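One chain, chain A, links the two complexes that follow: it is found with chain B in the first and with chain C in the second.
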Partner chain A sequence: MSEQTAIQPLYAKLMEKFPESVVMDERPGFGGIVVQSLNLVEVAQELRDNLGYDYLSSVTAADDFPEERLEVIYHLFKSVGGAPALLKVFLGRTEPVVPSLTPLYPGAELQEREVWDLYGIRFANHPDLRRILLWEGFDGFPLRKDWKEPLYEEDVKPYKSRWPEGKGERKELLNPYKDNVQYPREFDPSTWTGDVDQAMYKSLEISDDGNSRALKTDQLVVNLGPQHPSTHGAFRMAVVLEGETIVNLKPVVGYLHRNHEKIGERNTWLQNMPYTDRLDYLAPMSNNFGYAITVEKLMGITPPERAEYIRVMMAELTRIASHTMVTGFLLNDLGAYFTPALYALEERELILDIFEEVAGSRMMVNYFRFGGVARDVSPEVLKKIRHLVYNRLPRKIDELDKYIAQNEIVKVRCEGVGVLSADDAIAFSTTGPNLRASGVPYDVRRADPYSIYESLDFDVCTRDHGDVFDRYRVRIDEIRQSIRILKQVLERIPEGPIMAGKPQYLAKVPAGEAYGRVEGPRGELGFYVVSDGKPNPKRYHVRAPSFINLTSLAQMCKGAKVADAVTILGAVDIVLGEVDR
Partner chain B sequence: MNGLGIFKGLLITLKHFFDTYLADFLHRQKNLPLEDKRGMVDSSGLFTVQYPEEVIESPEEFRVVPFLVYEAGENGERNYRCTSCGICSKVCPTQCIYITRKKDPETGKPIPSPEAFYIDTDKCMNCGFCAEFCPFDAIKMNHDFEMSTYVRGETHIFNKEKLGKPVEYYAKIRPVNYALEEAEKAAKAEKTTAA
Partner chain C sequence: MAENDLNKPEIDMPAELRQQIAVTTLDRIYNWSRSNSLWPMMFGLACCAIEMICTAASRYDLSRFGMEVMRPSPRQADVMIVSGTVTKKMVPQIVRLYNQMSEPKYVIAMGACASGGGPFKEGYNVVPGVDKFIPVDVYVAGCPPTPQALLHGLITLQKKIEGEHIPNTRWYKKGEVEAIPVPILGPDLFDPRNSELINSETHKPLPVVETIVEGGETA
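Up next, the complex of A and B:
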């Protein structure tokens, strides 16, 4: 594998410095450097300070059940682009502890909390290690292979009870209120009075002495959400206020948690494809794209040229749809309720019409397959796309930009609000338009090109101020670049097959691991998959850009006014389907 | 000048308001079909249609909960194309398809026909895998999205009778696919007779 050879020089360098604590992962199909848990912080420090790996993309874990071993997996990148440094730490399954990397890479904070939540791996020195997606009273760690959900049927799909003796009865209907909730053994819901939020409020470090300040005021906690029109879903911000100024903020997520990854590990490889639509439901095509290229990496197949062009075309259309919608909803968050948002939605509607015609559904497209796409794009649809791209989108985007960027209210509310410096943006693992608005020209399409992006001509858009207004402007710039890409794609799209080989419902995926990433509208969307050669993935992890972009929310909001928190959140652009997974 | 931005913004809405009537007027003058009235690349003014009075026709590939294709026999009996091979049930991501295979009551050997066929429409995620991978073109995705009912539970589990649709219905909602499949079948039949 090319990634394995790419990591060799790095391994040699680390070997020099830490001869006793690093070793290559020699399992066939696997790569990366296995680090002793004791030396992890020093190795990470060396990587960050001396070797240029300043961007911690993904932190996750895997369970090697029935082996007595858990793995913690780190993907580090250079913010100038290139192959990943893949670090692994092996731990025992009872009381696993690993040093936290949050002091070095603040972007690890939420991800480490997620690993603790789902795997029960404790991160020593983590500033605020609490469950994040599940509630405090949850029983067990669901991503461990020996954990079973209520109404558990079998380890993997397809379930045997469906065919040839399928009875058409729902398990939950037979026993509706007894088995579908699971509590810890000593827990009695009828007598329980504990407050799940105590720990969260404690972590906000509210100081009661007003003596040091000019106005002797107490600090006040305000909860924005979970039901709030500005939060784009069930999302809650606990905000500590001093007067109107935000002192601290904690995002509270997980209200829509469904354990996407556990479902993914029960599914067969192909069955995951429609589930990825439901992650970032505003950009389903990019989610399909990310998952498809990751599994193709493992399978070692490349789609035919026409399929690649169709894929890029769909991904760029989805980017335009998503960015126009976010732009509209940013105005919503500024208080211009729904009129501008609905005008912005017009462009999205036209793009969704195209998806409906091509893929069969407007949002839940389920269009990509391993080695190609599900069905061909007809000449009529191509004509439609051409008409849209050449005759409508450029005009409409200019119009939208003209009215928004010159509006003084938008300017006053957005300029200089929610500033994130370039260094902070990298440290907090921010991705996508948020990172580029801070002046870091990092775009996966250029930093680590996939599909046919290398042959396409487009710019990576950056802006320098890192405020809400620049985030808006980067999105508009990106729409223009997407239109530019679409024009090239429409010109060059060749005739030919759209699938490599025959469509198969049971993909044969050789054993090994792969990390694939694409630049979605919200940033780097990564998939980490491990196969053991069986019909189902052994590990399926989604590096969700929205979720990780939330890490820097507190930093952006500190010092801002409470009314701006809503705007800043709108500009970060989260999709709760992806945050909560 | 301060405040100009607001007026510009309000003007957009005003323009949309008048454009709607203008578009309607021109539409009537030119006698264009209803589908081209709203929500097209070239249309101006109001973007939406008055559902349910006006309904936009779904494109051919549009998919909601699947149905079972049958060919009506001489006495009105339903000859389902399904052979109960179970591929749809195996590929289904939510595992919402339940099939009982028919057995010969005397020998106990399986007969290629479904004894019972259920789809739990509450679980179905309309992904279309069952239709895509069915080797007999026996299960297809429907266009009818108006499925709301007053009661949940058992009524949302569709049985074979409720899922069945005549082949003519399939030909009506998916003419292009139907024609392709029929041509393929005819070519295959020709090959076998030639051999």
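Up next, the complex of A and C:
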């Protein structure tokens, strides 16, 4: 693997400086540098300051049960592109502690909280280590392999109760509460006093030094959400206000935590494909893409050419649909209630029609397979796509852009609001249009090309101000680039098979690990999977761009007015299915 | 108004009055007016919410049925479309919102998740169906249901409303309708009504496990 060869010289360099504390991960199929937890911060500092790995993309963990070991896994990249530096820290299962990387990479904040929440690995010196997807007081760390959910049947699917005899017994009827719940022994509900929000409010650090100012003011906490028209789903921002100005802000997530990863580790490889649709439900094709190329990396197969073209075509159509929708809803957040969104949805509907025709479903497409795609694209559909790409979309996008970009109110409310500098954007691990709007030309399609993107002509769109308006502009620019890509794809798409080999229900995935990433509409969508050679993934992790983009939300909102927080959130563009997973 | 839409059909009306006068029952006029101006709550949970938005948009156009007035506040809404996966972390809020809606109020469970947990049923943070906590009037199948399916669900709800009879409808009876107790987040989600059951289960003596000494003889 190319990643494996890229890491050797890096290892040699680290060996010189830290001979005692780094070794290569020698397990067959695995790679990366195993670091002693004591020296992790120094090694990371060296990587960031002297070797150029300034972008911490993903932090996650894995459980090696039944071995007495947990792993913390870091993927670091250079913001100029290239293969990752993969760091691992091995820990024991009881009371594991690892130093936090937030002082070096603030972008690790939410991800480290997630690892604490799901694996119970403590991060020393983390500024605000609380549960994130679940709530304070939840019993257990669910992603550990020895933790069992209330409706647990077996470790892996297909379950015997459904296959082959198909007795179909209902697990919840065996549970004493006849429901999807379980409680620890000695738990007495009548004496329960846990307040799930207390720790969060404490972390907001409300100060009452208002007396020092000429006009005495109190700080006030306002909760936006979880049911609020501006939050794009069940999301909550707790903001501390001084007058109308935001002093501090905490995103509160987890209201849509659907346990993708736990379920994903019980599923077979292919069973996870439809689940990826439901991550970022505005861009299901990109999610399919990311998962497919990750597993293909492990399997060592490449899809035939026609399949690659179809994949890119679908991914770019998704990007257009998603970006137009976000643009429409940004206007919603500004108060232009629904009319602009209707313009955007009109184009999206036409693209959904194409998806329905090729995949059978408007939204949940389940279209990609390992080694190709599920169905071929007929000439009639190609004709429809051609019509969209050549005649309709360019005109409609220009129209939308004209209405929005020249609107005085939009400009006043968006320009200079929610500014994020380039350095901050990198430090906070921001990705996608948000990163590029801050002037960093980083696009996975160029930085670490996959599929056929290397052979396609397109520009990486950037803007310089890093404000809400620039985020909007980058999205519109990207739609235009996507149209450009689609034109090339439509011209060159070859005839031929759409699957490498025979389609199979049970993918044979050799033991090992892989990290695959694609540029989704919201940024770098990564999948980290570990296989032990069995029909199910041992570890299945999603590096969700909109979750990680939330890390910088507080930074962008501080000092802004509370009404702007809504706009800033709209421009960050989160999809809750992906944030909470 | 179509001819005879509201009229009680068995009443014979002179032809020249048919367009101007309607003779009908109280039930009929109540139900007719209510079912044609249902205001849904603007409330999205997951992927299904996107299809709900599409249903409200120009192509499928909910407003043809008098339902375009999506209200963000539960106080002004008549129907709650539970559009998406109900998680344990979210369900206290959903119950609270339901309690805050003024009567008459209806619930549509949109999609597999809201109806029964859907693809995520086995998840540790998932409530397998919103009907574990609040009463549901119409279930719409699909993952996600297409906009057409949601429209069908709403029309079904209209039909249901048209069959209501004032004397035995819950909201016109004497006495207050009791609010649903809000579930609480503890070590796992619990319904305060189940406290006793939970208490007795968690304090049960552990089942005695017979230990077999490996390789040894039984004493």
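Everything that follows uses one rule, which is that the second predicted complex is superposed on the first by the 565 of 581 C-alpha atoms of A that agree within 3 Å, B and C clash if a C-alpha of one lies under 4 Å from a C-alpha of the other, contacts with A are read in each partner's own complex, and residues count from 1 in each chain.
In this section, contacts are C-beta pairs under 8 Å (C-beta built on N, C-alpha and C of every residue); 3 or more make two chains touch, one makes a residue touch a chain.
Being a predicted model, the structure only gives us computed values, none of them experimental.
Student: Between chain B (first) and chain C (second), which, if any, makes contact with A:Lys145: first, second, both or neither?
Tutor: A:Lys145 contacts neither chain B nor chain C.
Student: So, A:Arg122: does it touch chain B (first), chain C (second), both, or neither?
Tutor: neither
Student: Looking at A:Glu346, would you say it contacts chain B, chain C, both, or neither? Reply first, second, both or neither.
Tutor: The answer is both, since A:Glu346 touches chain B and chain C.
Student: What is the contact status of A:Arg69 with respect to chain B (first) and chain C (second): first, second, both, or neither?
Tutor: Neither partner.
Student: What is the contact status of A:Arg130 with respect to chain B (first) and chain C (second): first, second, both, or neither?
Tutor: neither
Student: Kindly classify A:Pro158 by the partners it touches after superposition: chain B alone (first), chain C alone (second), both, or neither?
Tutor: first
Student: Please work out whether A:Pro226 is in contact with chain B alone, chain C alone, both, or neither, and reply first, second, both or neither.
Tutor: After superposition on chain A, A:Pro226 lies in contact with chain C alone.
Student: So, A:Gly360: does it touch chain B (first), chain C (second), both, or neither?
Tutor: A:Gly360 sits against chain B, while chain C stays out of touch.
Student: After the superposition on A, what does A:Lys167 contact: first (chain B), second (chain C), both or neither?
Tutor: first
Student: Using the superposition on chain A as set up above, list the residues of chain A that contact both chain B and chain C.
Tutor: Correct list for chain A: 274-275, 342, 346, 349, 364.
Student: Show which residues of chain B lie in contact with chain A when the two form their complex.
Tutor: Interface residues on the chain B side: 2-6, 8-9, 12-13, 16, 39, 41-42, 47, 58-63, 84, 86-87, 89-93, 95, 97-101, 110, 116, 118, 120, 125-129, 132-133, 141, 153-154, 157, 159.
Student: Residues of chain C touching chain A in their complex?
Tutor: Those residues of chain C that touch chain A are 42-47, 49-51, 53-54, 57-59, 72, 84-85, 87, 89-90, 93, 97, 117, 119-128, 132, 143-144, 146, 184-190, 192, 194-195, 197-199, 201-203, 206.
Student: State the interface residues of chain A toward chain B in the complex, per the touch definition above.
Tutor: The touching residues are 157-159, 161-170, 173, 267-268, 270-275, 336, 339-340, 342-343, 346, 349-350, 353, 356-361, 364, 366, 374-375, 384, 387-388, 391-392, 403, 406-410, 503, 505.
Student: For chain A, which residues count as touching chain C in their complex?
Tutor: Residue list for chain A touching chain C: 133-135, 137-139, 142, 149-153, 171-172, 176-177, 179-190, 192, 194, 196, 226-229, 232-234, 254-259, 262-263, 266, 274-275, 278, 281-282, 341-342, 345-346, 348-349, 362-364, 576-577.
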